[in-house]
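First the structure, then my questions, so here it is.
As written, the chains take the letters A, B, C and D, and residue 1 is the first residue of each chain.
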Amino acid sequence: MSGNYGTTFPRLRDAAGTVWRDYTRHAFVEGLRDGSLPRAAYLGYLVQDYIFLIHFARAWALAVTKAETVEEMRACTATVDALVNGEISLHVKTCAEAGLSEADLFGAEEHPANLAYTRYVMDAGHSGDFLDLLVTLAPCVMGYGEIGARLAHGMDADHAYADWIGTYAGAEYQQVCAEAGALLDGALARRLGPRFDELPRWTTLCRRFTEATRLEVGFWQMGLAP
Amino acid sequence: MSGNYGTTFPRLRDAAGTVWRDYTRHAFVEGLRDGSLPRAAYLGYLVQDYIFLIHFARAWALAVTKAETVEEMRACTATVDALVNGEISLHVKTCAEAGLSEADLFGAEEHPANLAYTRYVMDAGHSGDFLDLLVTLAPCVMGYGEIGARLAHGMDADHAYADWIGTYAGAEYQQVCAEAGALLDGALARRLGPRFDELPRWTTLCRRFTEATRLEVGFWQMGLAP
Amino acid sequence: MSGNYGTTFPRLRDAAGTVWRDYTRHAFVEGLRDGSLPRAAYLGYLVQDYIFLIHFARAWALAVTKAETVEEMRACTATVDALVNGEISLHVKTCAEAGLSEADLFGAEEHPANLAYTRYVMDAGHSGDFLDLLVTLAPCVMGYGEIGARLAHGMDADHAYADWIGTYAGAEYQQVCAEAGALLDGALARRLGPRFDELPRWTTLCRRFTEATRLEVGFWQMGLAP
Amino acid sequence: MSGNYGTTFPRLRDAAGTVWRDYTRHAFVEGLRDGSLPRAAYLGYLVQDYIFLIHFARAWALAVTKAETVEEMRACTATVDALVNGEISLHVKTCAEAGLSEADLFGAEEHPANLAYTRYVMDAGHSGDFLDLLVTLAPCVMGYGEIGARLAHGMDADHAYADWIGTYAGAEYQQVCAEAGALLDGALARRLGPRFDELPRWTTLCRRFTEATRLEVGFWQMGLAP
């Protein structure tokens, strides 16, 4: 379904069990897939997702401060840059067509489901180390990659949500996922060695990943019923 | 209705407008007041509130790291100590009577409304300074003081929630509120001077206070309908 | 020479090699031992050490925000309290006798050697996790315990630095060291399991401990030649 | 002497008094100017400065997490990117000519004067807000701009340190200074309004700037006598 996101991510995903499916097959996602998602719901989601990406960029910036090698720093810096200068341009462009400026987006009232997820990620970073932060960022990064790839499969050219699907299915975003996967694999090995999965630390990391995934489910839910 | 919580708190409360009333007169609170709140809802709330207080203690500990005088450090340290060794004992005791150990409480699944509030406070502290942190802590500290004082007024001795009301109406907790109010007044004057309310900074602080109050409303809502 | 500071500390100390001896047998320490340390140097050191303890308390408060169990939170909270309300009283009392108020101490210009050590500890905490913070706190906590115990051995009652030596050799401070040792042992096992010393993580932790010890050497050096 | 670095920076610089001159006219700088600085001292400095820039990039990344507008975020992100992908290339290239790889640089032992400065900046950011962080970053950013511009004046083409001087006197780096100055001006006005200099907060910010400048003096001193 998806590209090669490394070896750690699939194990975290498996550890999340059905929560992963609740997230990647959520009714909101299915509405994007078959085009039945009301436009108003989509726009409401985009506004919240813009705010989400702002805090997501903050979290990747926090990762820069917690990296242990210059390569880790550069990888995280590239992601911050991609987020604040790239990915949000889809949101800014689409919302501009609907009459919302970027200042409107930045100043929009943040939904509690948004606060819950983004601030959980920030706090995972502040209370833990680089790994705690990466595993709470992973569900969003790779989840969107998986969803985008699945929805793009056999999609019509005039699909109502072709822009969104194209963004996440595209080669550029899939490359982001591949690099995030490699970053996670390397960071884990560099700190915890090859048998990391025998450590209590691994259980904690899996729990954080699952928690973040659960909060992604809440985010879609907000998109359906703000 | 309440004791003397300083001069800044009433101004923040006024700036929050109806959101403050939504919080302090919430249906959950009224259920505590007239005793109509179902016991199961109360216990569910206590479990979440235990987790809340753990993160609240973390936030006061963060304040210790951000203080600018030794008196500010001591005031915040005393609050951390009061929280992890004092206030949560009501929760631990009541939940123990219902068969829940402290380990059960610490390990309980955290509700998104809980995550949203507590992590918002932590992030306000990490992204801002001592004042940003204090004004997001204030709605909880002083709000419970106001609610406790109001509910204790004319309360029967055999009130179903006498323990809870007594904790927050009691002299000890009211003193905590008075000290938090004095800490806030002093911290504000020490940084922003006597005409702080003419600064853009003040608008930001009011907005943070209102946001935290809004998240308190969500917390009560969770208590009614988890 | 010292009491039981747990099983992890001696391993970290061994990994630090001669740097540990450079610290615990520094000329400043030997001057305290035989009473030859000039009073002015001692007072200058006390002023810097007061500032040091303020930041040390901040670091333990940061540990409260990074703990993973309520017991870890309580242990760290107790240490913050002991520091801001206890250990610094030796400094405040002695400096008061020399005409310096606590406000003088708090506002004293901080020596770069002091900045280097304390801010290194804070940054270890912010960039890493609970363990990174604990291992940079350990050289100070346990080093002073070791030094105090050694210097108290056969000390005359009218020793010039009996107050200082008595503080760190005393049962109360030795108990602090024992508890810090137990906290470290427990925290390490809880996260990295019984074979933590085979992990790259352990090498990083040893390096941090050694770095902090090296900065302790610089702190004594400052005491001799401010 | 220098370009237009905004209106706040000159006021902070004036408040620093002679410390600013101690920094920008340090013997190390004069050695760069007249070419008398021994090559070994220069290389030793470059190694430490590489490590410095790594932590400087971390500090700008921390600023991304503390920004209050998307423009502030973008400005700080651009600086992180410029540091980890740009400015350090001078260091990497020059050190490579002397046989040192980037891994050697990243793993070099950090001098206490380096630790003192960089971790002071990080802690200013963590304990304060965006402004506390910016004013501790400013002495380095703008100081190097001023020094570069002064040293480039009338410099021979075959100057021993033409690379270094050219980097900091160049249009690209001077633009970085201009943008940092504008960022500081805007951030201050946005938070504290037009009469910020009447607030206690301003005194604190000046003190932080002066402290950071003092630590820059120590950094040059280290360059002369490691």
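As a working rule, contacts are C-beta pairs under 8 Å (C-beta built on N, C-alpha and C of every residue); 3 or more make two chains touch, one makes a residue touch a chain.
This is a predicted model, so every value here is computed, not measured.
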| said: Per the definition at the top, count C-beta pairs in contact and tell me whether A-D or C-D has more. | reply: A-D
| Farthest chain (mean CA position) relative to subunit D | B
| task | Can you check how far apart subunit A and subunit C are, centre to centre, with Cα atoms defining each centre and the answer in Å? | result | 42
| task | Using mean C-alpha positions as chain centres, tell me how far subunit A is from subunit D in Å, no decimals. | result | 34
| subunit C and subunit D, separation of their C-alpha mean positions in angstrom | 32
| field | Residues of subunit D whose C-beta touches two or more other chains | value | 58, 65, 122, 126-127
| subunit D to subunit C touching residues, read off their complex | 58, 112-113, 115-116, 119-120, 122-123, 126-127, 215, 218
| request: Would you mind writing out the residues of subunit B in touch with subunit D in their complex? | output: 65-66, 68, 126-129, 132, 190-193, 198-201, 204
| remark: subunit A contacts subunit D in the complex at 54, 57-59, 61-62, 64-65, 69-70, 73-74, 76-77, 80-81, 84-85, 102, 106, 122
